[in-house]
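Each chain carries a letter (A, B, C and D) given by its place in the written order, and its residues are counted from 1.
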């Protein structure tokens, strides 16, 4: 068994270098394709994170009548808080609302005209964040019926739009990643198959001198694995080198979006290695098979 | 000559179908790669259009002292208008500014508190649009020195940021398009080379029975062109089918950005056809060459 | 010149009675009523009956296209007979499980008419290949290959690849590969077609010596001189039929 | 048995004087002081002088590895001599421009020792190939191919691809391809190696008839019977040297 494994690995190694042209072509194709796949995967992750962030921003704002007592407000807050769809509730008093407004004006560099006011024209409000923006309606109607609520800002249309948009982008992302994945798989399997076809003669002779199927198959499978492994390692090396400057650049320019990308690095490595090895092995296995069934 | 062309084309056609496995593999690779290229090209164009739109938004706002006379304002406007960097100048009077502000508040669903004002707290302004946001500084300093200008909004930092951002995205876009392009070229040339290598024997025999270089080369070149042509046509067919729903979807969700994409369709078609044919022909030419120089 | 009698008629009798032939230790190759029609419709063998006892030396002669190579291809199960039974060393090839095929092939050493050498491997590697892929430990490969290359006179060419060899050298490489694993049966398809008379004779002497050790030899050839000189068993094919099967015969029919 | 005298010693004389040999209408093949060392260091030909007048019939004999195929490869400029001059039909091959090489090759019909048939083309297409790629109009290809296939007896196999052919049939396909464009010189490298005696003789008769039409024939062979029977010019190589060049000779040296 060990002898057999050693033999297969040695032959795979020899085969790889003996057909250097084919092998390097296959490896390079593998590298390029895996880079593409990894790139799309990372983009897809960034996209998903950004979308979650955008969706987080969806909140329900209910303006409170000035006549409402603090107890009524507290009751409303705790009632809303109790709803399973709700993530968090924040009460903004009238004074706070005015302060926010002033700060906002200042930040935008616009003249502050509230100084000329004799009374605070703003209403207090409660701002509700949801677990899932799709459940907006339930929450809105619940709040709307409370007597102390003056009005609920009609953000239904906006939310719908954001939801449809993020949904579409998400689907498109998955579809594109899927298409790129299929392209990658196809091209790698194809390259490996061509490499095997180019050695049909060798397989033929092996059969005729009495090699068993395992002796014919495994060296090719290991060779496919070798192509996959080399391809994946080179890709990961390149990505590792590129990751630092890239993520710095991202932090610099996207710092508006505090995106969580903790495990993307690990996931990408797993994806690249898995795809490389998997496609190499399966591609070789399938390609050799057609020659064995005779 | 005609006999030769006919011969080459006939042989190319035969060669294509006789090595159907190789040819179809090459064509499919071509299709996938061209689709990728076209996809990136379109994305890149959408991106560029979006960026121009964003950059268009960069404008200089100069607030005018309430003491300025209409003549002074007119003089300033025409002076600014005369600057070569400036695309357009708009004068917004104090009344207009207040009207805009009110409209804006209403649009945002916020309470209108301007009704309580005894006087208009806003200043008149001139809003300057630039041809190229990079020339902001010149314009700002020119305006700033005018006595009737109260202040120029300090959007320098923001503009810098937008410019750096769009610059980076643009460069990244070009770089990514370049990388994808190189990947595409490499893989197609490689596929064609493998197809030629697989027929080294045929070339050898042609040489030995006294075929001239042209007779050896051109059938292969035409075969490469055939692969390129088929690949490009299939790709364009697929794109044409996909274009309508895609652009509808885009119009639906990106209608905030009135992007001009008039000639992208034509450009993409030219790119796909050109790349397909070019790479097919050049790849075949180069691949055959190594066998002729002996 | 006596016409050759089948060595064990009882086997043939048994074969006709039951569909599964029984193994005998005496006959290594038995063809019973074999026909081969290629997929394109060409009938390359018709109703061939042939029994080769262990240790026999058989010349297979006949004009080009008579079916000699086809018969040999049936013996290593490269092709299956469309009719009849092919039994090699007691195994009915048509009934053989896929997994058992390599075992049978390893008992046979075959010299292909078109050599079937690997163009990217050297002479040494081409010969070693047959041992490697059947799982021979490396320690035994080296001496075996060196020995057999010396035997066919290719020691000096060991490091050349096939297209750096003369036709005869390629043929001798193919012969070395067929001998290297000490097969019990050697099937040689025109092994002297590209050899000069001197080397041809050396090769024949080699085969005779191997034959004396008990190895069965089946050799297709057009070399009338060799066949006539050796006076071994001659099986003549014509248009797929055995038209002559004589012991101690010459290349041409002696009337 | 008279030793062969170079047909036009004056040419040889002139060759030694000037580096550029002059065209003569009489000698189609002239090798002057030719040596060939392969890149791996093997010296396949040493100081070979050979003059073949137009219309000659020359047997090239010698043991395996003597350099016969190498000599033929030099004539079609598949390899270049490392020393000396190779002149074919008045063209010094070393001086020949790349563009002129195909023209010279078209004057030659060559039967390769390993056939060099295209595996994906049928017999008919393989033969037609040699005409197609040299720009022959289609209308002339069909009758020419049909005629030459009939000549070598392969009409029935016209639609088979090489691996559906017997060894001899493959060899005859290669011969047909060498004949189909009416070459002025035919170079045949062991064209009878895989043929039975009857077909061998038919082929030799064919070559003799072609030779009588004025076509020069150079044939490498190990077939002692044929060489001895025909009593044509015999050039014997050994270890890359010409050791014998006799008219009306036999395969083996007659001492």
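Keep in mind that, in the parts below, a contact is a pair of C-beta atoms (placed from the backbone, for glycine too) under 8 Å apart; a residue touches a chain by one contact, two chains touch by 3 or more.
Keep in mind that what you see is a predicted model, and the values were worked out from it rather than measured.
**Q** How many links in the shortest chain of touching chains run from subunit A to subunit D?
**A** Tracing touching chains, the least step count from subunit A to subunit D comes to 2.
**Q** Treat touching chains as neighbours and tell me the shortest step distance from subunit B to subunit C.
**A** The least step count works out to 2.
**Q** Per the contact rule at the top, check every chain pair and give me the one with the most C-beta pairs in contact.
**A** Per chain pair, the contact count peaks at C-D.
**Q** With centres defined as the mean C-alpha position, give me the subunit A-subunit B separation in Å.
**A** Between these chains, centre-to-centre, one finds 25 Å.
**Q** Taking each chain's centre as the mean position of its Cα atoms, how many Å separate subunit A from subunit C?
**A** 63
**Q** How big is the gap, in whole Å, between where the Cα atoms of subunit C centre and where those of subunit D centre?
**A** 32
**Q** Of all the residues in subunit C, which ones touch at least 2 other chains?
**A** none
**Q** Going by the contact rule already set, what residues in subunit B reach two or more other chains?
**A** none
**Q** Touch graph across the chains, line, ring, star, complete or other?
**A** Chain contacts: single closed ring, each chain with exactly two partners.
**Q** Which pairs of chains touch each other in this structure?
**A** A-B, A-C, B-D, C-D
**Q** Applying the document's contact rule, which stretches of subunit C touch subunit A when the two form their complex?
**A** 76, 78, 98-99, 101-106, 108, 110, 112, 116, 118-120, 129-130, 132-135, 137, 177
**Q** Which residues of subunit B touch subunit A in their complex?
**A** Contacts found on subunit B: 21-22, 25, 28-29, 32, 35-36, 109, 111, 113-114, 116-119, 121-123, 153-154, 164-165, 168, 180, 183, 186-187, 190, 193-194, 197-198, 249, 253.
**Q** How about subunit C: which of its residues touch subunit D in the complex?
**A** Per the stated touch rule, the residues are 38, 40, 42, 61-66, 68-70, 113-114, 157, 160, 164, 166-172, 189-190, 193-200, 222, 224-225, 251.
**Q** Hey, which residues of subunit A end up touching subunit C in the complex?
**A** Subunit A residues touching subunit C: 3-4, 7, 11, 18-19, 201-202, 204-206, 208-213, 215-216.
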